[in-house]
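Which chain is which? They are A, B, C and D, in the order written, and residues in each are numbered from 1.
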Amino acid sequence: MSVVDKLVSQELEGNTVRDVVVRFAGDSGDGMQLTGSNFTEATAIYGNDLATFPDFPAEIRAPAGATFGVSAFQIYFGSEDVTTAGDEVDVLVAMNPAALITNLSDLVYGGLIIVDDGSFTDKNLVRAGYSSNPLDDGSLDPYRLISIEIGKQVLEAVKPFGLSHKFALRCKNMWTLGLVMWLFDRSRDSTIDGLRSKFSKKPEIAEANVAALNAGHSYGETAELPSGVEVYKVPKAHVQPGLYRNTTGTEALAFGLLAGGQLAELPLMFASYPITPASNLLHALSSQKQFDVVTFQAEDEIAAACAAIGGSFAGSLGVTSSSGPGISLKGEAISLACATELPLVIVNTQRGGPSTGLPTKTEQSDLNQALFGRHADTSLPIIAAASCVDCFDVAIEAVRLATKFTTPVILLSDGYIANASEPWRVPDFDEYESFPVQFETDAENFTPAKRDPETLARVWAKPGTPGLEHRIGGIEKSFETGDISYDPENHQKMTDVRKAKIDQIANYIPDQQVSLGREVGALAVVGWGSTFGAIHQAVKRCRADGLEVSHIHARYMWPYPKNFEQLLNGFEQVLVPEMNVGQFVEVIRSRFLIDAKRLNKVSGQPFKIREIEKAIKSLLESST
Amino acid sequence: MSVVDKLVSQELEGNTVRDVVVRFAGDSGDGMQLTGSNFTEATAIYGNDLATFPDFPAEIRAPAGATFGVSAFQIYFGSEDVTTAGDEVDVLVAMNPAALITNLSDLVYGGLIIVDDGSFTDKNLVRAGYSSNPLDDGSLDPYRLISIEIGKQVLEAVKPFGLSHKFALRCKNMWTLGLVMWLFDRSRDSTIDGLRSKFSKKPEIAEANVAALNAGHSYGETAELPSGVEVYKVPKAHVQPGLYRNTTGTEALAFGLLAGGQLAELPLMFASYPITPASNLLHALSSQKQFDVVTFQAEDEIAAACAAIGGSFAGSLGVTSSSGPGISLKGEAISLACATELPLVIVNTQRGGPSTGLPTKTEQSDLNQALFGRHADTSLPIIAAASCVDCFDVAIEAVRLATKFTTPVILLSDGYIANASEPWRVPDFDEYESFPVQFETDAENFTPAKRDPETLARVWAKPGTPGLEHRIGGIEKSFETGDISYDPENHQKMTDVRKAKIDQIANYIPDQQVSLGREVGALAVVGWGSTFGAIHQAVKRCRADGLEVSHIHARYMWPYPKNFEQLLNGFEQVLVPEMNVGQFVEVIRSRFLIDAKRLNKVSGQPFKIREIEKAIKSLLESST
Amino acid sequence: MNAEQKLTLKDFSSDQEVRWCPGCGDYAILKTIQKLMPNLGVPKEKTVFISGIGCSSRFPYYMETYGFHTIHGRAPAIASGVKLANPELDVWVVTGDGDGLSIGGNHLLHALRRNINLQILLFNNEIYGLTKGQYSPTSQVGTMSPSTPNGSVDLPLRPCTFAIGAGARFVARSIDTEAKHLTSVLERAHGHKGASFVEIYQNCPVYNDGIFDYIKDKKTAAESRLILEHGKALTFGDDDQKGIRLDPRNMQLDVVTIGENGVEEDHILVHDETNKVMAQMLADLKGPDFPEPLGVLYCNPTEPYEIGVYAQRNEVRKSLGSPDINALLRSGHTWNVEK
Amino acid sequence: MNAEQKLTLKDFSSDQEVRWCPGCGDYAILKTIQKLMPNLGVPKEKTVFISGIGCSSRFPYYMETYGFHTIHGRAPAIASGVKLANPELDVWVVTGDGDGLSIGGNHLLHALRRNINLQILLFNNEIYGLTKGQYSPTSQVGTMSPSTPNGSVDLPLRPCTFAIGAGARFVARSIDTEAKHLTSVLERAHGHKGASFVEIYQNCPVYNDGIFDYIKDKKTAAESRLILEHGKALTFGDDDQKGIRLDPRNMQLDVVTIGENGVEEDHILVHDETNKVMAQMLADLKGPDFPEPLGVLYCNPTEPYEIGVYAQRNEVRKSLGSPDINALLRSGHTWNVEK
């Protein structure tokens, strides 16, 4: 459904639409990500609810005009709550032929295309794989096309600032942004502020970009545009009042870890080895040295996990971060942390697999690895983030569990929430409850095997404490003394207590809530991680169509909230959508003997709302 | 029940018993393993069925007399089929106080103890933790005690050969063996032959040992022994006629891999890194250089897995072997083998965990790791060995699956079957069906993505073949061309085909059989791996007591035989005994939604028959 | 072989579009190697390129030979398996400073120690390119990178020094854009029986641009490069008037000018590529105080690992009977059970 | 510190029964270190011993200090985490030739390269003891072992050569049973700020007995050992009449006798422990042609990694405000949504 048709369908007055999907696409060099985040900010300030989806090319710098070098940024914004980046695109900005050909398929019939026809040179057309120029071979007739020589416009606009031709053309993205801002009545202020502070050292660059931005905007006001293309109004959403910022999942996760450290009153020892899409967390924390965190780029993932474990042994909270392939390498070390019962947070920003797979694409296929990806019986708590913003609280919770129960904890994020950004109503940190760690100091009949009778956590006695000198290690240890023990009964007892400690964490986590819908019904759609948004919208639409479906979102992937089983039993059917071949669904089936159905997508792309909607409906139909 | 009481209970004539458990225990220096295996051989030749359980100390060479240095060898033999090493011990040979104190608890009331009282010195008594000498403080009254100064007897017997005192005493174990052989009427011939060929270079040593052996035997004939202690007869079992040998699981596994290589007409590239209890497989193959196998001790487990993968790429069959901790390190490489669809056999000889755990003890806790111990969706075939002898066929089957379906295969063994030994009716290799590998040679529209339409196996084109030059790698590849592809649909398609290839292997494996009992009934006890023997005996006893129980033993842990679900559905209840906290049982529950019950033991020791018997009975009682 | 003789660069170029950033030094290296291959007289099908992960590690995709783009850091281990399984193959490893010296350090170490016959090419751009510019174990102190926003503090590894320490028997260094020099070095590496290690200074214009300019700059080349030739004196400078001298008692090195304060030609060290101590000394020379050695630092062949393995095996086979499974099964003690 | 001054061997002995084979060289090393600790003036609670897996790696269990018996090969990585988290701690790493140089090679390499302040003791028995005697990367060619029943064919690594190649700034060697020498070397290692690497020749009577007899034997010691002292000439032999001489032009070494065919005292090389080239040369000397250097081969301190890390951090903290989470959350662009 196109923007224009929406006018009709949504039956609002004036050029008003309830929600719109805009995608900016161009060469990796065209600055589309920057354009997108500026538009996002303006949109958030405007008061719409929104969600974004940046789609990076796998290549670092592909040759200009190559299809595999196209970088895209999609934003879905509207007057009601928006939790995904949207399915079809209403407005496509394509800075070159490659961007057009690779993105056109997602554009709705009748959708709006804005292209820089200066970039539709024979060379670029060939590079993109066009045999004829789509701008004049009629292939774009089903759409509304705005074709502008943006380059020419820009050079005109920035002439006063005497930039080199090359630098002048760099302002093309701002010109385009100006035009799109006009189209949706956004304010340019935040972008202008941003440009001026970013280029404070190079004012001429700043002003040239500002001029381009304004030129693009006034072009919209003055130029002759295709019929039906005018300023669209998207009513403000009913967003909670308060102070807002944008955040990526990675940023929120970094902040959450720092916050968790303060709540636990512990320094952080963050050890990692770069890997896409996890590296940004290392980068984010490396530039926060004012906090009590040491960041360490280790020689490999094994060393990173081990350094983090060493940090925990020494009395910091060890945190290590990677993506699937790197987590595979940490398995043996994680097993050591389980055996020695040291706190440790392991962050896995999942990507497409197997092996090197699709590094820049998103997937949820490491849940099994989190549950079982080590030798022997080594169960540990696992929690997953639902959205960019959720990363903050999930990180804090991971720190709480790791320190309260002296156990490694795996935190699952993925490439989608790590890179996407969304507006965040900034929380008041003072409202967070602290959970300070009590290190052992009492030498009176101390043993490293000592446990908290209630939580079963092992005593944490850090080097430097007089009188508590002790040895730990990976060989089985006596339940009483902590010394090495090969005794069969003791091994059984230690195995049981390690398991019991993790199982009873269920008593220390909140009950499972229903995100949307009733607590009983015909169907529960049970999701986890970054599929939250798509499932949420799909369930919402189905409920609007009168279907008896609820959305249950799991944060705790192990162990489960105490009420989880009984909650699921309240539904006739259970559907588990996952971006893998079916992992969470198996655990639900084995634990609760519920015939949960699967919906799996493994394409490196997030679910579309309609994919889940369709599955819900066919399931409910088939069962009636 | 003691040997003597057995006379009564088993109601046989003469000093005849149906089955007996003998355990030899002493310092690691006392040669108990050698003693045990000689007795085993004699017993096999005698015609009894038997099973053994060697129990090594964790230490390499503990100081003499230390409890943690005790090495034991247990043998269970009888006139009916014997598949475990037995629960209680009837006859305990203890070469020193440490051996007595650490093993007495397993001796049946009224059981027979043979000790070398020369070793019951104050020093050794203290080392073992005795406050008073058990030989004369009455604490052994519940048992029958034969206390002999074996040292003195031996020195006497070997005097003619003029050995040093030290070397002379080394013959103590043979003297003791002689006595026990007398007790059960075994022939000394095979031992004598063995000694003479082993010490062919040092005849005086050989003859001294023979003399000690004979002296021990004649001591039994002549000396005054406690009442009721005389020669016991254990009727021959009804063993299949044929040529027999003893084999450990490791030996049979090594032979099986070599055999598999010949059946596939492939050279083997065996790459490993030492680790208990897997090292022996590396050792075994390293001394078989006449076969087409290259053995490579890599710098670590990762390199071992990678070298094996390289071997497979080059056209050999790559095989890598380790135990839990090492397998954890191989996860990323295994994921590469899954992505590139190269044949690979991964042998995991499981041990006690987590982490370093109990290296010399046995456990089954790496099934989850085999199933899921890697990032992303990487399912692969898994098979497990049931016994020492079974290792041979399982190894051949692993090679067949890996080469026929170009996939990594995980073969699960464990410390128990790897080290235990049992008589093996030597098969005729000519009766095995070969499965020669067809390498691609046809350059005509070749792509590395080409698949066998039936098995879905990827084409195997080895370097050196003109015209088939191609590149493979861990990044997602096009289903059509095999070139790198980031296309979403293609990733979905490749994910699906990788999964389908493994799932349909179910069509190429035999149906699941019932090992004992009917195909339907009140209870199926479903086991896998080395628990076979204990389950088998327990089910047998319960059936003898009229219970409607069957034994199902799974060799294929992934995927399952096509009839597996329907077979299990034929039983009212399912019980899954495992030496872990419950891993196979979860898969059965999730796959078949059967409320399978668990019986778990994680003490580093194999199940005792009665533990399983008890579980079966309580389950059947509770359900009636 | 005649067939191969006629091969050209094209024959060794795969149909895959090369996907490095414009201006990347990897292009130059690729071209040089594609040009070189036909002259080595090894048939395409016997040539294998194996790499780990990194920009440099994409190399195999562009070669029309057998190739394996494996996992990060493991190329030497996988290549060892390939060579051991089939010593007939001509196996090349392409790796980077992160792939080969960070995560892959242990495998590189042991491939060199074992002296297995591989040509190992390390493209050193002193940065993690593929993951967008984090510092690497060869980055200079103070390198600003996303993971070291305030500059790195740890000391860099010297690849050639490491290689010699690992026991490498062939160690050389060249430059991405010096096609002629690189070609000669690679020919030597290929001719060497056993593991050969070649460090190639490679420019990453995107994340670490220009770090090698001081030595790549043609104008200052004479001053900044010490071109190594076996048996020739270690001289450099515009008219080769400068040289490296060693003080025999304290083993200190200094740069001297022939003819100036009593320095004569034969005071200058003479390059002996079979001399390990000299190689170690050369591997550590660096600007600005010294010129940087280019060429073969060390070449001291000994029997390659795989040759030893197969030789031993053939020896052993003489004693151990035929590879007969039935015989194997019946080896050791056996007994018969009659009906 | 006075309290600690009074500590004795007993205070550093844990209550755990020592479980090495009778006659194992590890006993002697343990004794020597337990004796040494009180003299280092570091309180027990500030001392941490970290090991991997192996016979040698059981060491921490026997020390009444903080200790961590970790996983195979990873001790340097875990120790790095400990030291980085708390630089106040005095951190020792105990490893073996398999643990440290086979599976753990990469971590040892980078701990040495980074120069993090750890004392790393490698017990070299040239065999895998704990797993019952397979050959190791330091085993001599031809070593018969369960995994090389016909003798190993690959070349051994020289631990000290490797360490220097890795960038170590302190490298020394001693012998398990030479308590006095070992003590002095360990004192030096402990005094060194930064990573110090000490190779200790250790006898494994069970799986590799007597491999070091040629140098341990007191009778031939004078001939077989080259005792290093900074500033002293490299002389050895019964009355120190033999020495090591270097040919400055070809950098060849030879053993000469002072007084014989024109050799004078000052022709003999003088040990300069700050000279890397000399250290590399010494690390490679071995019998029978040469005596084996014992003592400090190389000591050339520079700022330890953890010092640099914390110094930079304190620098940075001046500019970046206080560690205030609420401020952090509100950093960057924010906006208000009114009611």
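We take it that contacts are C-beta pairs under 8 Å (C-beta built on N, C-alpha and C of every residue); 3 or more make two chains touch, one makes a residue touch a chain.
As the structure is a prediction and not an experimental result, all values here were calculated from the model.
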Contact-richer chain pair [A-C vs A-D]: A-D
Distance from the mean Cα position of chain C to that of chain A, given in whole angstrom: 40
Cα-centroid distance, chain C relative to chain D, in whole angstrom: 28
Centroid spacing, where centroids are CA-atom means, of chain A and chain D in whole angstrom: 45
Chain A and chain B, separation of their C-alpha mean positions in angstrom: 47
Shared-contact residues (touching 2 or more other chains) in chain D: 53, 69, 71, 102-103, 105-106, 109-110, 137, 150, 309, 312, 316
Shared-contact residues (touching 2 or more other chains) in chain A: 68, 289, 299-300, 302, 325, 332, 336, 340, 355-356, 473-475
Touch-based graph of the chains, sorted into line, ring, star, complete or other: complete
Residue ranges of chain B touching chain A (in the complex, touch as defined): 58, 68, 302, 323-325, 327-329, 331-332, 335-336, 338-340, 352-361, 363, 365-366, 368-369, 371-379, 473-476, 486, 488-489, 491-492, 495-496, 498-499, 580-581, 583, 586-587, 589-591, 593, 595, 601-605
In the complex, chain B residues that touch chain D: 59-64, 66, 68, 273-276, 279-280, 282-283, 286-287, 289, 295, 297, 299-301, 325, 355-356
Interfacial residue positions of chain C with respect to chain B in the complex: 14, 16, 43-46, 48, 50, 53, 60-61, 63-71, 74, 77-86, 88-89, 106-107, 109-110, 309, 312-313, 316-317, 320-323, 325-326, 328-330, 332-339
In the complex with chain D, residue positions of chain C that touch it: 102-106, 109-110, 113-115, 137, 150-151, 153-158, 161-167, 246-253, 266, 269-270, 272, 275-278, 280-281, 284, 302, 305, 308-309, 312, 315-316
Contact footprint of chain D on chain A as seen in their complex: 41, 44-45, 47, 190, 193-194, 239-246, 255, 258-259, 262, 267, 269, 271, 288-292, 294, 296, 298-300, 302-303, 306-311, 313-316, 318, 332-333, 336, 340, 425-430, 462-475, 483-484
